[in-house]
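What follows is a pair of complexes built around subunit A, which joins subunit B in one and subunit C in the other.
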Partner chain A sequence: MGDFFQFTLTGLTIGSIYAIVALGFVTIYSVTKVINLAQGEFVMLGGLTMYSLSSFGMPYWLGFIVTIVFVSIIGWLMEFVLIRRAKGANPISLIILTIGTAIFIRGIASMVWGKDQLRVDPFTENKPVNIVGATITPQAIWVILIMLVVVSLLYILINKTMVGKAFQASSINPLAARLMGISPKKMASLSFTLSAALGALAGLAIAPIMFPSYDMGTMLGIKGFSAAILGGLGSAPGAVIGGLLIGLLESLGAGYISSGMKDVITFSVILLILLIRPSGILGEKSVGKGGL
Partner chain B sequence: MKLQGVQQTKWMGVLIFTLAVLIFPLIITQSFYLTHATFAGIYAIIAIGLGLLMGYAGQISLGQAAFYGIGAYTTSILTVTMGWSPWLTLPLALIIPGLLAFIMGYTMSRLSGYYLAMATLALGIIVHTLLVEFRGITKGASGFFGIPQLELFGYTINQGVPYYYLVWFFVIIVLILSLNIVHSRVGRALRSIHDSEIASSSMGVNTGKYKMQVFILSAMFAGLAGWLLAHMSYSISPSMFTFNASILFLAMVVLGGSGSVWGALIGTLLIKMIGIVVHILGGQFTFITSDFEHVIYGLILMLVVIFVPRGLFPTAADWINSILSKKSTIKLDKPSVMKARRFDVKD
Partner chain C sequence: MNNMLTIENLSLQFGGVKALNDVSFHIEEGEIFSLIGPNGAGKTSMLNCISGLYQPTKGSMKFQNQEILTMKPYNRTGLGIARAFQNIALFAHMSVLDNLKLGRHIHMKSGLFAGGLYWGAAQKEEVEHRHAVEEVIEFLEMQDIRNVPVGTLSYGLQKRVEVGRALALNPKMILLDEPMAGMNSSEKEDMARYIIDMHETKGMTVVLIEHDMGVIMDLSDHIAVLDFGKLIGFGTPEEIQNNPEVIKAYLGEEEAG
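Take a look at the complex of A and B:
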């Protein structure tokens, strides 16, 4: 039983990160209908930028803010320089465009930071805490807390603010939104900036646990994409459910079956769910209703 | 339907290309270039299949390396562990990936667009992980050693010129086969699916069947490439069949132009050449590392999608066609040519 609890806690921690990455996918997809496979690279940039800033001796809180701003600018640039110019391209071309961006960012990162895994300090003192027979590090608690805060803030932003309404409007019908004075271009820009910020936040939170390296983005991006697909593209609650589910599957699969086989288990279950419910757990219908 | 413009010269193209393939080793004899040219041939087989899938069936596969790996491992397991003759394993290296594609396509026929991309991505990761984990059968992360060389009429086909010719012999077969498919009834059906799946199914085209056939064919091509790879190199390991390999095949097709058999071939050659140039420059300048290669691949993908979304070959072919049509008195039906090659997916 203690084992089970431990695996669940680990699964929820890693699942929270997948959920934040998946929320980045959903944020961009629901506004622009682009699947941004460079989402994992934002996470990687978040972790590695924090490493550099803290090794320059920047105070932790300042490094945190600078990292998020820096990665957000990269996300904004990506939309402004690339996605906007490929307007009207078909889904396959757009996916390839973001894959190209991901490879490009990864290549640059490996030239800047090298290929080693780097060490980033945890947010607070990292002495493991014991909860009912399972140990959890304070950093893992931070990760889960950040996910909860991000989800609530995103919920408030989308459902309670004017920006959120504009977001929803341009996702449902860009032309009508434009007639109402909303700029879908601005919203597309905003969605990329926002999801880059989300990626950076995920990178910051997970850096002390995962030891960031230039190539960590690929797998995180794939898992985030899987989570978004599993939950149903375009559904924010779906993304969170998908992320947590993948985290749990991975952790329980690694714990009870084999750590090498965890990806096989996870992706087989994803294939199975897609087979039963091709549009994901919460389906794409929520897009039509205008929810993120 | 009459063939038009550049397409008319299809068989001429194959002939000229075959001659170029035959002459290449006579002019360039360094083994470094020959090895790369042989690899280019292996990749070209995969890229042509993927190009058919993307350009004609309008489906994206992010897991083509899985079929490539299965082809390579099928023959390695049978020849090294079970002692089969390499030629006997060739049909199996085609059938097993094809069968997997059939099962996958059959169960996943309800999926399209991003969801199918996800399914192929998942397949790629599952196969790669299984290759590492099933140590008893696949020898784990270190992979297979001592894969036998091919023999033909008592001669061993060594690496170098003989293997180069063998690989490119298969490339030309695949090329002719694909050109025939593209210009046949199936090809026309696929193009109509590409333009409008609903319209073509209402005209009685069995869209699902054709899409499935192309998916299976592309998997079999990848299996063939895997078989060729295994018997070329003495050893294979799972690291050759990763997600990154799938992405590289995608890059080849996108660069050359999907929806064009020649495009995929030319894209492969260009990507391979870029790799060689970066490798050579890397020997001269210390800042050019293998990472730099990836920066360039990424840059190419971005630039191509933005500036030549249909890929280099179809764009160039249309450009030549438009020059030809200005000169000739008979107007070519250019819109239909363009439409046929448009890189456009509706689902």
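Take a look at the complex of A and C:
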């Protein structure tokens, strides 16, 4: 039983990161219908920027803020310089554009930070804690807490503020939103900025556990995207469920079967779920075209 | 009276099809103006041009003497042009209140950041907008359904919310595309009363598309008649009723049917 709790806690930790990355995918997709395959690179930038700032001796809380602001600006720039210019391009072209952006960011990162894995100190003293026979580090608790805070804040932003309502409106019916005076450009900008901030948060949180490197974003991006698809690409709660589920599947698969088989097990289950429910766990079945 | 909207030589083409062909008319400030014509005459296309959803092929369109032909829809909303749709375009998962609050979005002055964090001026501003929304709820007698998700409402009530959301923008000119379609007679009476009140108590310019000729003749100050994208009549209800080309277009349609 102790093993089960151990694997579950490990799964929830990594699943929390996947959930935040998946929320980034959903945030952009719901408003712009763009699948941003550079989302993992925002995570990588978050981790590596935090490494640089902490190695310069910047206090953690300040490094946190600076990192999120810096990566958010990168997200905003990506929308402003690339996506906006390619407005009206077909979805495949836009996906290729985001892949190109990911490769570009990765290239710059390898030049700036090198190709080695780097060490970032945990947020607090990292003495493991024992919970129901399972050992968990304070940093892992921080990761889960950050995910819960992110989900709560995102819920409040989207459902309780005028900006959030406008954001939802752009997602539900872009045409009607435009006639309400809601600028699609502003909403697209907001979605990329918010998504980059989410990526940065994930990177910050995971950096002390998974030593950051220039190529860490690739796998995290794939897992986050898988989580978003599993949950239903337009659904934020689905993204969280998808992320946690993938984290748990990985951890339990590695623990009980084989660590070499963890991805095979995870993606087999994902495929099975999508065969039964192609729109994802909480995705809405689409019938023809929406809008007006 | 001043012209609220002046349209000159407006044409709209989709491939080889001319949806609007060299149409010219003006709408005076504070009047109820109706666009009528048989099905496929180009009425909704005209509203789409005015609201900015369609880009005319040629012509001029001035709103309060400002050329708006190439202006984006959300910028036209900022000038004071609001639109209610024929096929309801509400945000179904949201409550009536939230749908109406979205109509106030254009008047929000606080930026995305302050609005998102919901602090200071943004919070104060939202309270003010809430008051404006309450006025619309009262005006359209929607107190009982304020917190109901609009997707669960009857067709007639959804139409009312659609008009309410356009009203929440506090526009100078409101475009209503068949606001009475699919309504029973008592709902039609209510809607007609709201339109008259918009005009009389709020001083709004109302542009109306409607198939119920009785309603059109009772409510309108001026009427423009379109047929196959061409303007075939423009004037007061009396002038339109006696216009031979208009009579021919309508009788022709009936005979064909």
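Here, the second predicted complex is superposed on the first by the 283 of 292 C-alpha atoms of A that agree within 3 Å, B and C clash if a C-alpha of one lies under 4 Å from a C-alpha of the other, contacts with A are read in each partner's own complex, and residues count from 1 in each chain.
Note that in this section contacts are C-beta pairs under 8 Å (C-beta built on N, C-alpha and C of every residue); 3 or more make two chains touch, one makes a residue touch a chain.
The structure presented is a predicted model; accordingly, all values stated were derived computationally and were not measured.
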Which of subunit B and subunit C A:Ile131 touches, first, second, both or neither: neither
First, second, both or neither for A:Lys186, with subunit B first and subunit C second: second
Which superposed partner A:Lys160 touches (first subunit B, second subunit C, both, neither): second
Which of subunit B and subunit C A:Val69 touches, first, second, both or neither: neither
First, second, both or neither for A:Ile103, with subunit B first and subunit C second: first
Where subunit A meets both subunit C and subunit B, residue numbers: none
Subunit C residues touching subunit A - in the complex, by the definition given at the top: 51, 53, 72-74, 77-78, 82-83, 85, 87, 89-94, 98, 101-106, 108, 112, 115-116, 118, 122, 126, 129, 165, 169
Residues on subunit A engaged by subunit C in the complex (per definition of touch): 157, 160-166, 168-169, 172-173, 175-184, 186, 190, 292
Complex interface listing, subunit A residues touching subunit B: 35, 82, 85-86, 89-97, 99-108, 110-111, 218, 222, 225-226, 229, 233, 258, 260-261, 263-264, 267-268, 270-271, 274-275, 278-280
Complex contact set, residues of subunit B against subunit A: 54, 58, 60, 107-108, 110-111, 113-115, 117-119, 121-123, 125-126, 129-130, 132-133, 243-244, 247, 250-251, 254, 258, 287, 289, 291-302, 305-306, 309, 343-346
